[in-house]
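Next up: some structures, all given as structure tokens.
In the two complexes below, chain A is the common chain; its partner is chain B in one and chain C in the other.
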Partner chain A sequence: MQEVLFYIFALLAIAGALSVILQKKTMYAAISLVITFMAVSIIYFLLGAQFIGLLQLIIYAGAIMVLFLIVILLLDPFSEIFLRNQSLAWVGLAVLLGAGLFGILYTAFGQAPVEIVAPPVPPGELTGHTQSLADVLFKQYLLPFEVISILILVAILGAVILAKKRIS
Partner chain B sequence: MNEYLIIALKIVFVLMAVLSLAAILTWLERKQSALMQDRIGANRADIFGLRAIGLFHIIADSLKMFLKEEFVPPGAQRFLHTVAPLMSAFFALSVAACIPFGKLILDGQTIYLQIIDLNAGILYLIAMMSFSIYGVFLAGWASRSKYSLLGALRGASQMLSYEIAMGISLIGIIMIYSTLSLREIVYAQGELLFGFLPAWGVFLQPVGFIIFLTAGMAETKRVPFDLPEGESEIIGYFTEYSSMRFGLFFLTDFIEVALVAMLMSVLFFGGWNIPYLQDTGFVFPWGGSLAMSPLLASLLGILAFGVKVVFFCWLQLTIRWTLPRFRYDQLMKLGWKFMLPLAMANVVATGLVLVLLD
Partner chain C sequence: MAIPLHHLLILGGLLFCIGLVGVLLKRNLIVMFLCIELMLNAANLTFIAFARQLSQMDGQVIVFFVMVLAAAEAAVGLALVIALYRTRQTMDADDLNLMKL
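Let's turn to the complex of A and B:
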């Protein structure tokens, strides 16, 4: 059952991701991205990581993509913007970069000693994931966590300063 | 197999409960507004002369919606135009999946009237509520009409703004009960504070409750927060919708009213808990007790949840017919400059109190 669901949603995620780059209309591309995010979050659920799956939904699908959609809507609401890039040089560069990324990931996963497939989660034992994640974040890796939050704070302040009206 | 049957029954129960409450709310809204404006209200629909204080208007309305012509404007994006109302209703209904309606104790076995108790239930609520933006947004965009587009823009920005305040107002609740699961939150609210006060969210998080009430009403997109709709100015994101497609948007609003009422009872008013009622009967802090069977106690709990939900539906309808619509800048100021800082201050204050008490 879980395996079937995994293949369904993995295919959906890949189809959505392909649709993002193949769609000609920006709005449809953005909606395809939403579908990809949802499918990925369901895969997290299947692995038993409810907390991360829900954060994926709230942050990416629920907040960031809505902002994307609003921006697309404000740019040019009715005439469809067509995305086109026919320059062969760019296509070649994209293929090269993609192949490079694939190579890096392939070697990384090939060398990794960790078990990538999560142990099957018995039904009814889906509790404690938020707690165990919190234990790791706030006890084991407290310093890196705080450093990352300072980084985000700096980014937010930068955005505020960029958006602020200049008083001459 | 038995397990799957119970889950299927639970799903049917929850869907029926939410949908019928939403349907009754459409009638209640007309009757209550009539009462508040010194009118009689809808009472004309009858079956063989039987009027039943206008209750048949629910059936008449839905028949009308189903039988009207469906019209898709020529310039519209056909597919998204059709899907948008479905999405709107789907995400609103899926919120109900993790709401605990009550527990039923049969022969010492406890059956929870809750489809699934997620470990991160509150996050699920926030996620599903944030998805309700998509229905509004896509409806407005796919209709290809200026008024729909204005409604969609207003709707998206309003819901995005108030979601943040709503999410942060719930952090206080999470800190106090130190769990994200709705069932555990309800259980924690069954305890007593200082021996006599029920540990309900509203007593521990009064500020959080007020923020949640306001943000919840903003999420339902009804007066005083009905800028995405604005009947008297732009009609809103569903301008180009007719028949049951419009009906779904209309129903979604009422489903959301019912859901906000349910969430307020679960998170802030103890869910199925009745003060001093335990599984074996009432135990009063001043001495006396009243024994009863666990089945009766659990049934009383479900009834109590229903009463709380109806009360909050009434409260929302009363506010809706009392206040006028906000202006757009007032709406944004209230959301970003008042509710968001207040919610954050609430989190900090809760944290300080918890650390001092620890």
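Let's turn to the complex of A and C:
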């Protein structure tokens, strides 16, 4: 059952990702990316990372994509996306590069020691729940957590200053 | 828990490569941003897969940090796109070939 769901949503994620780069309009590309994000979030749930799956839905599919959609609506919602260069050679080169990288990754994953012996999770202990994530996040990773909160504060201030209308 | 690690890694790699091809092919700034988000997501997926495989929480914590980073990146990047559009009336990456705004 779990495997069947995984393959269904993996195919959905790949279809959404392909749709992002094949759509002619910016708006449709953004909506396709939302589909991919939701499919990936369900794969997180299947892998037992419930909290991260919820964050994926709320932050990625919610906040970040709404930000993107608002900017697309603000600028030019029905603009056509053009390819960087109309020549077929460039398209072929880019696709070849992507396919080559995927080939390298595929062979590398084939050689990876997949059968890493994981210490068995004791029954009743649910990894991926908010509590177990918070245990690690607020004890072992406390300093990176504080540093990244400063990063996002700086990013918010920077975004406001950059997008501010200049009064000449 | 019978989803093979191999297939998860391949899914992550495929999503990453699709995002890479998108960044190389498109010249609309917003679509390039969308493809970068897709690549970040593919990396997150492999982190979660290894966190599951090793029964450790560290991978999930890293994914948490990557999400915060993606939010910051989207905020700053879209602010840059708005500022550029306001001065140049274009979203084409090839038209932005000067260092000054």
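Everything below uses one rule, namely that the second predicted complex is superposed on the first by the 111 of 168 C-alpha atoms of A that agree within 3 Å, B and C clash if a C-alpha of one lies under 4 Å from a C-alpha of the other, contacts with A are read in each partner's own complex, and residues count from 1 in each chain.
Keep this in mind: a contact is a pair of C-beta atoms (placed from the backbone, for glycine too) under 8 Å apart; a residue touches a chain by one contact, two chains touch by 3 or more.
All values reported here derive from a predicted model rather than from experimental measurement.
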Which superposed partner A:Ala94 touches (first chain B, second chain C, both, neither): second
Which of chain B and chain C A:Leu73 touches, first, second, both or neither: first
Partner chain(s) touched by A:Ile21 [first = chain B, second = chain C, both, neither]: second
Chain B versus chain C as contact partner of A:Ile8, first or second or both or neither: neither
In the superposition, chain B vs chain C on chain A residues touched: C
Touching partner for A:Leu33 - first (chain B), second (chain C), both, neither: second
Touched partner set for A:Ala63, first chain B, second chain C, both or neither: both
Partner chain in contact with A:Leu54 - chain B first, chain C second, else both or neither: first
Partner chain in contact with A:Leu142 - chain B first, chain C second, else both or neither: neither
First (chain B), second (chain C), both or neither touched by A:Thr130: first
Intersection of chain A interface sets (partners chain B, chain C): 51, 55, 63, 67, 74, 127-128
Complex contact set, residues of chain A against chain C: 2-3, 6, 10, 13-14, 17-18, 20-21, 26, 29-30, 33, 36-37, 40, 43-44, 46-49, 51-52, 55-56, 59-60, 63-64, 67-68, 71-72, 74-76, 79, 81-84, 90-91, 94-95, 97-99, 101-102, 105-106, 109-110, 112, 114, 116, 118-121, 127-128, 132-133, 135-137, 140-141, 144, 148, 151-152, 155-156, 158-160, 162-163, 165
Partner chain A, residues of chain B touching it in the complex: 75, 80, 118-120, 123-124, 126-127, 130-131, 133-134, 137-138, 141, 144, 149, 152-153, 156-157, 160, 163, 167, 180-181
Chain A to chain B touching residues, read off their complex: 27, 31, 34, 50-51, 54-55, 57-58, 61-63, 66-67, 69-70, 73-74, 77-78, 126-130
Of all residues in chain C, those that touch chain A in their complex: 1-11, 13-22, 24-28, 30-31, 33-35, 37-38, 41, 44-45, 48-49, 51-55, 57-58, 60-61, 63-65, 67-76, 78-83, 85-86, 91-94
